[in-house]
Structure formats: C-alpha cells, structure tokens
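After this come two complexes, each holding chain A, first together with chain B and then together with chain C.
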Partner chain A sequence: MSQIKKFIDNFGYTRIIIILFLILLFIAAFALELQTKSLISGILNRAGMNMLLTLAMVPSIQSGTGLNFGLSIGILCGVLGAVLSIAMDLTGGRAFFVANVLGILFAIVAGYVYGLLLNRVKTQEMLIGTYAGFSVVSGMCMFWILAPFKSPKMIWPYGGRGLRVTVSLEDTFDKVLNNFLLGQYNGIEVPWGLYGYIILLCLAVWLFSRSKTGIAMQTAGSNPRFAEASGINVDSMRIIGTILSTVLGAMGILVYAQSYGFLQLYTAPLYMAFPAVAAILIGGATVRKASIAHVIIGTFLFQALLVVALPVTNAVLPEGNLSEVVRIIISNGIIVYALTRIGGGE
Partner chain B sequence: MSKPILQLIDISKEYYGNRVLKKVNLTVYPGEVHAIVGENGAGKSTLMNILFGMPVIHSTGGFSGQIIFDGEPADINSPKVAMEKGIGMVHQEFMLLPGFTITENLKLNREITKHNLVSKLLGEKMKSLDMEAMRKDARKALDTLGVDIDEMLPVEGLPVGHKQFIEIAREIDKTNVRLLVFDEPTAVLTEIEADLFLKAVEKLAASGIAILFITHRLSEVMQVADNITVIRDGEVVGRLTREEATIEDMARLMVGRKIDRIEKTKKVNNGTDENILEIKNLKVDMPGEVVKNVNLNVKKGEILGIGGLAGHGKIGIANGIMGLYPASGEVIFKGEKIKLNSPNDVLSRGMAFVSEDRRGVGLLLDESIEKNIVLTAMQVQRKFLTRILGVNFALSSKIREHAKKLIKELDIRCTGPEQPVRRLSGGNQQKVCIARAVTLEPDLLFVSEPTRGIDVGAKKIVLDLLLKLNQELGMTIVITSSELAELRSICDRIAIIYDGKLEGILPPDADDTDFGLMMAGGHSDKAKEVS
Partner chain C sequence: MSLLQNIKKGIRNNIVPVVFTILCLVGAIVAQASPFFLLSSVVVRLARNLLLVFSLIIPVVSGLGLNFGIVLGAMAAQIALVAVTHWNITGLGGFVVAAILSVPLSILFGWLTGKVLNKAKGNEMITSMMLGFFANGLYQLLFLFILGGVIPMVNEAIMLPSGIGIKNTVSLRGIKYALDDVIKISYGSLTIPILTFAVIALFALAIKFLLQTKLGQELRCVGQDMNIAATSGIDVDKMRIIAVIMSTVLAAWGQLIHLQNIGILQTYGSHEQVGLFAVASILIGGASVTKATIGQAVLGTFLFHLLFIISPMAGQQLVGEPQVGEYFRAFVAYGVIGVSLALHAWQKQQAQKDKLKQEI
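Here is the complex of A and B:
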C-alpha cells in the first residue's frame, strides 16, 4: 500500500487524474464507435506539431524567468521568416530551411531585447511576458497590413492592402517533415521524419544543459544569489535562456505550420503560448524546474486530451459548437490548476 | 519602595529542545529604569517577547514560569492583552505610516472622534475626527519628551531620530501605560539625539512609569539605569545597582568565561609577517550590516577572527570583498588590487567564501551534493570540463570521483554524491559548503558564521576541519562569527568590529573585560593592539 502511495507521490496527482480522464475519454470514444485509428494518428500528429513549442518552455524555466508567456514573440519571428521565404518564391525543403534560418536570426535579436525587458521586471516575468507578447502580436498586425509584399500566394486575391489572415503553404513547405519517412501501420500514420527532427532538437537542448554555460544558466535559475556568489552573471544567463526559448518558439511555429498546412497571421499567435504552458505543467514541470521528459509526457497527454475530447463531446453534445467551448474550458482549466500549484512541493 | 509593577518568576523557554531562557527572575518597580544587558542571543529579546505575549512564543510551545503584573498573576497571551494591561513597547524597526502626519501616526486606531450629522443617523462608524483634541494630545506627548517638532508634519522625510521619538510619544500617549519596554532604542540615534532621548527616559521615569531598557551601549546604562540585570546564555548572571556597577564589570559579566580552546597541536602556521590581504577604507552597503570604514590586514597563514555584535558590520566585510554587496575602498590581495563588486575576479584570484546564509547563498538545495561541490570551480576555474567541438561539457566521471573523495575526507554523512543537499543535516550541509570552497583550492578562505544553526557535536567537527585546513594546507582563514567563544578557540588574532569600523585587535587569550568593552564600543584606547 505504501508503495502505491509512493508511486503516486512520485508521479504526481495531476498527471494521474489526467491519465484517468484520458482513459475515460477513450472508453467513451470506443463506446461511441468513433474511429480509434484516426484518433491515434491525430494524437501522434498533434503532439509532434506542438512538441517544439512546449520544448521552448524549458530554457526559460531553467534560466529562472519562469514560463515563457511571451512565446508569441518567438512565434512571430518564425512566421516572419516563413513569410519572407514565401516572398522569395522558395519551395519545399529549401523554403523550410530558409524560413528557419531567418526565423532564428530574428528570434536571437528579439529574444535579446525581450530578455533585457525581463531583467528589469524580475519576479513579474510571467505577467509582463504575457502582455509583452500581446503587444508585439498587435504591433505585428499593423506590419502584416503595411508590409509591401507582392507574392500572390499571400496577398488578398481581390487586391487591396496587406497579407491574408491565413496563408496556404500548399506550394511551399506544406508537410515537408510530416511526409518525410511517413510510416503507415494498419491505418495508423506515424510521421517519423517529424519525430526525428524533434528528437534532434530535444537532444540539442539536453546537451546544452550539460555544458558549462547550460549549467551556469540552470544555477542562475535555481538560486540567483548562489550563482552570483559563484561568479556567474545572472542577468546574462537569463538573457541566454530567453533567447533560446524565443528561438525554439520560432522553430516550433514552423514545424506547427508545415504540419497544419497554413501560416496563421494577425491575431492567431496571441494565445499560442497557453497550450505550451499547459502541456509542460501537465508534464510535471514547475515554474522552477523543467526537463525534456516533462515536455514529451506533457505534450502527449495534453494533445491526446484535446484530440479525443473533441469528437467525444461532439458525439455527446452535437448542439452547435459546444465541443469548442468544452475544449477551451479543459485547456484553460488545466492551466489554472497547474498555475495554482506554483511553488508547491519540491 | 512601593510594590513592584512587574515580577517575572522562574521564566524558562525552550525552542525545539534548545533552552534559551533558564529560570529568569526580574522585578521592576514603578518609576524605575531597569536595564537589561547581554550579548546577541543571550535571550533578551525572547524575554521581551514573552512579556509582550508575542505569537512566536505561543506557536513554539509557550513558556514556563509566572508573570505578575501590578500584584496580580497575568496571563499575557497576545500583544493586545499586554497593551490593555498598560505595557508599551517601542520597537527597533519603525512602525509608522510615512504619508501621515505625526499626530495621525500618534493617534492611529485610537483617534478621538466627535459626532456629526451623518453619524447621528448612521452610528458610531461615521463619526468625524476631532483634530483639535488629537493635536493637543500629540503636543503634550511630544512636550513630555522635550522634542520641539511641529505635530502636523508628515512623518515621511523626518530624520531617524525624530521617528524614534514619535514611536515613543505614541506609547506614552496611551493613557494607561504603566511599563515601557525599549528594545535597543539608541541603536539608530546620533549622540546628541541619544542624549536627548536619555533625558526623556528620565522624565518618563520621574512621572512614575517603569522602564525596561535593553541595550548594548554600556555607557548609556551607566547614565540612566537605576538597576541593571546582565543576561548570558539565557541565565541571569548579575544584578547590579547603578552605584556598584562599573562598565568593566558589566563587560566581563556579559562575555563571561567560557573559553574552550582547541589547542593547535602542531604550531606550524600561526601567521607570518607577510600580509596576504590588505583592506583599506572598505565600505560595504549590506542592509543591516553596514561596513563604514574598515582598515585591516590579514597575515599569510593565520586564522583571523572577526567578531562583534550583530548589526555592527562584521558580516559585511567578507560579503563586500567577495562582491556580493556593493563595496568601495581598496582591497589588495597578494600585492595586487582586486576588482571590487566582481565575484568572478575575486574567486579567480584565489579567494573563496563560505556564506553565513547557508540555505540562501551557500547551497543549491534541490541539487545533488556533487553538483554543489564542483559548481563554482567549474564556472570560475574551468575544472571538470571537457571540450567537444568547441563546447565545454561537464565531465561526470571526474566530478563523481572528486565528490566521493571529498565526502570521504570531510566525512559528509549522506547516501551518496547524488543526494540532494536539502536532505542533509545542518552540519553536513556546512561541510558541503566548505567542500565547495576547498575545491577552489583557495589561498584565502572567508568563513562566515560557520557553526550557526548546527548542533553542538557538528560545531566542533566544523571548527576542527577549518583548523586542519589551516595547519595542513597552509590556508589563510578569516572567520566571522557572533560566537566569541568559538573565535577564541581557534583564531590567532581576533578583530572586533564596532559600528562599521575596526575597534581593535585582541589575542584570543585576552581578558574578557577587554572583549566586552570593545564589543560595546567607545573604549578603543584601552585595547591592547597585538601584531
């Protein structure tokens, strides 16, 4: 009995509750005779799509700035890179590559500036980050309207000013990673290329955490005064963490977009930080501690929940868009629950 | 004399099995100024907390003994009860609202009110303030103290001395006050203000109020106190009247004979004539431990102790040199001027620091023992690293090896190098801190409060360890400690800091009186300088 309790303590009540809920949803899905195979493919796809955005939370938590609620800043850098690569008329893998290079460059600059801001508002990072993200998204809305892009793939087909709200990637890098080494097993699709790319980046983040700078960054995050006494420049470590997080955000949105097939401009990035925050918290991370395992477990659980909950609620409550309401309640509910647990326990 | 206003009978108090007060008895008469003197940690504050019914006493299991107030046994279980009985307390920290006027502060929550139209209809809560009456009361209280300031001035921006007077005025304005407790009231005052204050105390006593006066400043005690009680280690060690007391007596009683010297078996390193560290005009802005101007030389190979009472700046010296708090002045290490306010520079020159704030600055509580041990050396000296493709990676095998070696050498009791330090006892945590400093292989080691918060057995082990580092590795060690006995047990010389400045340097076997006098300040001329 005590061993069961110990296991539960180790694993965390949050995760157990969510897993039980998930099992319940699966049973419901089975009972309602929904397509389980397509559900599983959907989970694999959605988890891969969102994994990097969740991974972006790791450096910011490790460096002590908490959850990166200003992830939309990184996302916008990636989107900007993609828009430029489309404007250059590139296609396929090359377009994806150029979008990444540009996105990373923008993210380094933006991350640096954002890091300077976060250093001025210590202990308020998450609140300020949320609103910094909101403001930058709004600012970029003006840019999307005013930017002098001419590519017919992006401007409104009937003329006028500005870029479309959603830009199709059909002719550029739609599904470059998803379709690379796509495995079909008895109707279940496994995007091996996508997962290979993710594993590579997870590995890079893990390796960084074993490096001298990485260790200094984690020290700055877990005890700034200790770090200071050990000759570590806490402020610059926080900036490094913020830059890394922003860069991963930029790369993450490109993975997301290639999988989705569309680039979403204007207000779409506004709330994109929230699912990533929810996922890593479900994975077992706290505001002070996060690991790659938290990212993987959390993204799978959170996305599985959304993928299965939607059709189930649709089948149970077919009226209007109740399922969408349920989705919002579930995902925000998880964020609220996880945030109330800040600082609780070790 | 008339009958006593306050009697404390056999008051004892334990904090978690640690006896801080042992059967303390105290009697105070109306109109008497009674001084309580003692070192930090002697139990003065605990005694006052009991008298004032502070929650901290009751949340830690209460106390034993009896309080008799005005002839009747009193059960003071909250500050409110204490206030109702007529016990007032003037705190060390100011509890004033800066934006309010002096009058408003004095009358806070005790405002004099009068009826108006609305209050007649809606009841007591809507009564308006009778500013005229409040002003008069405030004026009266200030006049009693002999302070000439406008009672309608806002508190914000007033000099500290005036704030202290307002605190006192607030207490004496309470009409029922019978006993006033002052907890180191002159600590923040200038000499002129202190004089003014002492005069006010005498006036108050003359009006029949009993006064309990806690202080370190022995000369003040001589000036105003009628009776003096000296407390050491939770026990009353002396009761003196003003006539029979001398400053020397009080100093000796305060410090007491409690030397338990760990004899240096091999007297190899007692310090040479060469200075390894020269501190010139050091000023450190560390809150609560401000260093005002310290000049001090550390000799190569010695163990130098830095002592003094809390709040006088001894802690600030090491923190300032190590760059943890803003410092100015000149520090020369091995003939070279060091860069102040840069921990990195100081560490890489061969100085290391074991902080007094073990859990805050000294350790990464949730990280493993091995990480705690190697981290500083890895960051500052690039030890335990391997270079792959231009990136420095931590070398786990070497870290593990080194950690295991130190765990064995320092006898750190743990389940293994991967155990988080949070789970270790205080003494073993301190050993981890020392292990980290030793890993840097420093020439000069600063250790602050090495035995704070660890049990008696572990204390000796930690001190022995420091002695061993000094004797066997020739490491110069500077120990800052509030426990004089500890400094006297292993140091070659002891520097006493008073009011942010060096008061004097004494040999460890110097007389108790000299230590006591130096710690109480103002008697540097009597000190014997040793070199």
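Here is the complex of A and C:
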C-alpha cells in the first residue's frame, strides 16, 4: 500500500487526474461513435504544432529562471521574422528558412536583454517575465499598425492602416513541414516532416544538456551557490538558458504558424506562453526540473485532451463552448498548483 | 538643506508620479483637449475606480504584495448583480441587496485565495494572477452552463435563447446610477456624485483607522517580517488570510460601484481587467510592492485614468489613428507594472547583496 502511495506521489496527482479524465473522454468519444481516425490525426497535428513552444520551457527551467512566462518575447521575434520574409516576397521553404534565420537573430538579441533583466530580479523571474512579455506584445501592437509594410498579402485590402490581424500564409510557407513526407495510413495522417524537424530540435536540446556548457547551466540552475563555488558564472549561464528559450520560442511559433496556416499579430501572442507552461507541467515537470520526456508526454496529453474534448462536449452540449472553458480551468489550474508546490518541494 | 536639493530629493523619491504627470501634460497639449472635458471625464472614472484601487492596500501592508486576485471579488459582485437583476430588485434597494449578497461570496473567495497564497509564499503575486485566470474558468462554467443547466433558472431578459447560460451583456437598468443619483451636483457635462464619493471617503478612513488598531498592527508586523511576527505569537497564516478576505470584500463593493455607474454588465469581460487596471493605477501613484497609501491610490487612479482618456485622442492627433493610443495605454498599463515590479525586485536583490557584504 505504501508503495502504491509512493508511486502516486512520484507520478503526481495532477498527471493521474489528467490521464483519467483523458481516458474518460476517449470512452465517451467511442460511445458517441466519433471519427477516431480524424481524432488521432488531429492529436498528432496539434501536438506537433505546439511541441516546440513547450520545448522552449526546458532551457529556462534548467538554467534556474523557472517557467518562461515571457515566452511571447521569443514568439514575437519569430513573427517579426515571418513578416519580414513575406515582405521580401519569398515563398515556400525558402520563406520558412529566412523567417527562421531572422527570427533566431532577433531572439538572440531579445533573449540576451531579457536575460539581463531576469538576472536583476532573481526569485521573481516568472512574475516579471509575464509582465515583460505583456508589455512587449502591446508595444509591438503599435509597431504592427505603424510599420510601413507594403506587401498586399499583409495589409488591409481596402483602406485601414497597418498590418492585418491575421495574415494568411497560403502563398508563403503554409504547411511546408506538415506536407513534407505526409504519411497516410488508413485515413490517419502522420506528418513525418513535422515530427522529423521536432525530433531534430529535441535531440539538439538534449545533446546541449549533455555538453559541458549544458551541464554547467544545469548546475547553475539547480544549485547556484555550489556552481559559483566551482567557478561557474551563474549569471551568464542563466542568460544562455534565456536566449535558448527565446530562440526556441521564435522557432516554435513559426512551426505553429505553418501548421495553422495563419500568422497571428497584435494581441494574439499575449497569452501564448500559458498553454506551453501548462503542457510541460502536465508532463511532470516542476519549476525546477524539466526534461525532453516531460515536453513530449505533456504536449501529447494536453493537446489530446483539447482535441478530444471539443467534439465530445459539442455532442453532449451543442450550445456554448464547454471545451474552451475546460481548457481555461485545466491549464490555469495546473499552473496555480505548480506555483503552490515551489515552497513545498524544498 | 537648500530648497533646490529638497525638490531634487522629492522628485527622485516620487519619480513615477512625476513622469506620469509630465506624460499627461504633454498628451493633453498634443490632444488639444479642453481641461473641462478632461476634468469631467476623470471625475466619473475616479468615482468608478477608487474603491477597487483601495482594495489593494491591505494586502500590500500585510506583505502579500499586489493582490491580482481582486478579480475574484469582482466576480462575487457580478454574481450578486445577476441575482439582483434576476429577482428584479431595483434602485438603491437593489444595490444594497447586491452589496450584502456579495459579502458571503467574497469572504468565501477571499478565504480560498488566502489559503492558496499561504501555500505560495514568496510567489503571491503571480499565483494570485494565475488564480484569477483559473477562477475565470470556473466563473464561465457557472454562468454558461450551470445556471439554467444544473440550477434551474428562467429569465428571458438575461438568459441565452437556449435557456442555459447568461447573455454576453446584461443590462443593469434597474440599478444604474442607484448610488450616484442619490445626491449629486451637475454643472454642464461635469457631474459629481457626492454620495458615491462620501462612501469612498468613508472606506478610505476605515482603512486608515483599521491599520491603527491592534489587528492593523499585527497585519503590518506580518508584512514586515513573517518570522519575527511568528515568534512574537502572531498567527501569520491567519493574518494573511484576513488581509486577503478584506481585500476581496472591498474589491466586490468596488466593482458594484463601478458597474452601477456603467449600467451594463459584460458578463464575461467586466471583471477581467480589474486587477490589471487597479494595480497599474496604484503603482503610477508611487506605491510599491511593500508600501501603499490612500494618497498614492488617489493620485495614481487620477493619473492613470487621465492618461486613459488622453492617449486615444493624442493618437488621433499624432498619427490619425486612435487605435494606436489604445495600444499605447495597454502598453503603459503592462509596462508600468513590469517596470515597477522589476525595480522593486532589483532593489531587494541589491539590499541583500549589501547585507551579505557587511556580514563578511
């Protein structure tokens, strides 16, 4: 009995609740005779779409700055890269590549500045990261409206100033990864290209965490005093973690956008950090500990929940948007839970 | 010390309000707004928002930081308002019933918030913010599915056509200006709701008085140092819960005053920005995470809402796009919170470093 309790404690109550809830939803989906194949395709697609944004949490947690609530800063770098690549009139894979290169460059600069900020506000990184992200998003709103872009793909067709709220990527890099090596198995779609790209990046992050710098960064994160004593520059390690997280945020939003088919400007990135935070927490990460496995498990569980909940709740309650409410409760509830566990874990 | 040095010191200590005063002045000149128009708009907004901003003071004094969880108080008020509208109790009576009804709800919400925040010591602010988002989900669950779905409720005026859930906007015609109209002075477009301001002033005095009592002393002691408070026999957790409960109840009443003036309840939106705007207001007034006074709350609310009125007008004049001004004020609200929280955290870190150096 005590072993069972220990197992549950290790595994985490929240994860058990989420898995039970998910099983319940699957049973309901079968009972309602929903299209299992399209559900599975949906889960695979949505998990791939969001995986990199969740992966961006790993370096920031490992370097000791906690969950990166300011992920929207990285997201905006990626969006800016995409906007510039559209303005250059590029298409297809080349547009995606240029957007990534530009996005990464912006993210390195932005991540460095953000890292400097986080080093001055130790122990309050998550709160200040949130508001740093919020203010940058609303500051960029002014940029989108005032920036002198001329490309007809992005500005309003008749009158109206500034860029559109959502820019269609149909003529640029819509689904470049999703359609690359798309496998069809009995009606189940597996976007191998997308997953290849994600696995490559997961592998890169994993390899980095095994490298000398990566191990130093993790030491700085888990035990700053010990790290300091053994000659590691804790502050610069935290900056490296923040830069990596911001870069992954920029790359992540480009993967998200190519899969979604639209680039979302203005206030859309405001709350984009929260689902990524919730996903990695559902995967079993804490504010101090995170691994690639947490990213993969968490993103699949969270996205599966969202994908299956939508048709199930719509079948039960056609009016209203119950699945959206469920999403708000679960994702924010899990973040609150994690925050109350910080002190208890020590 | 010479006068000049005094002024210099005064400006340095109140840099945030000074900067925002200058910003407002420049904005007013650019926008070419008439001072009378600005005054009358700002008076309305002061009456609407002051109590909500006051509700932040007690948790700051008690060391919990800025309570973004006042959103839960606003939710309690809105639940009470929907009930009052449903029962069709109108006028000042309806307002008073809503005020009474919101008390047990906000005490419950405040107690729960306090319990959660006690488990997240050192991270109260972000936890209270996330708790607000979480509670918003439960609030939507209540208003979209439980009312009419689980709890039987029939009312065509405020419910969705399907009979389950509350409409997006609920007209509060019954209690619009219920408090404002009792005693008021009008002069052109300027209307001063005397009774509303009297009620607000009463709460300001009550907060001041409370902080002088034994309970207030204990709250302040907890705010200064939890360990010292605990060793001197104060039940720290209980004090913190009391502080949050008082804040939540005040926020509920503040939201009632706010909504009786506006007269329309955006069922799923009225409460969302309450925490953000109140926190930004009090910070603009020169408050910090550990220090907040009634004066700072009043000054900050005045400056913040002045800027709120001016920035779309200035945006229109400068670039011919009022939208820019609206984004600008969102930027200011988020930015001012971010910057002042960052400054505070930085100062604290610096102080700790100095202390360490001294010990060595």
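Just a few scattered comments:
As a convention for this text, the second predicted complex is superposed on the first by the 329 of 346 C-alpha atoms of A that agree within 3 Å, B and C clash if a C-alpha of one lies under 4 Å from a C-alpha of the other, contacts with A are read in each partner's own complex, and residues count from 1 in each chain.
Keep this in mind: a residue touches a chain if its C-beta (ideal position, glycine included) is under 8 Å from a C-beta of that chain, and two chains touch if they have at least 3 such contacts.
Please read all numbers here as calculations on a predicted model, not as lab measurements.
When the two complexes are overlaid on their common chain A, residue A:Asn332 makes contact with chain C while staying clear of chain B. More chain A residues lie in contact with C than with the other chain of the pair chain B and chain C. Once the two complexes are laid over each other on the shared chain, residue contacts for A:Arg225 go to chain B alone; chain C is not touched. Contacts of A:Lys212 after superposition: chain B is touched, whereas chain C is not reached.
By the touch criterion stated above, A:Gln35 is placed in contact with neither chain B nor chain C. After overlaying the two complexes on the shared chain, residue contacts for A:Asn179 are found with neither chain B nor chain C. When the two structures are aligned on the shared chain, A:Ser135 is found in touch with chain C, with no touch to chain B. Contact with chain C, but none with chain B, is seen for A:Val121 once the two complexes are overlaid on the shared chain. By the touch criterion given at the top, residues 207, 210-213, 215-216, 219, 222-223, 225-226, 228-233, 289, 346 of chain A touch chain B in their complex.
Put simply, chain C touches chain A in their complex at residues 116, 119-123, 125-127, 129-131, 133-134, 136-138, 140-141, 144-145, 149, 160, 162, 164-165, 319-321, 323-324, 327-328, 330-331, 334-335, 337-338, 341-342, 345-346, 349. For chain A in complex with chain C, the touching residues are 69, 117, 120-124, 126-128, 130-132, 134-135, 137-139, 141-142, 145-146, 161-162, 274, 317, 319-322, 325-326, 328-329, 332-333, 335-336, 339-344. Interface residues of chain B, counted against chain A in their complex, comprise 322, 324, 343-344, 347-348, 353, 355, 357, 360-367, 371, 375-376, 378-380, 382, 385, 391-394, 422.
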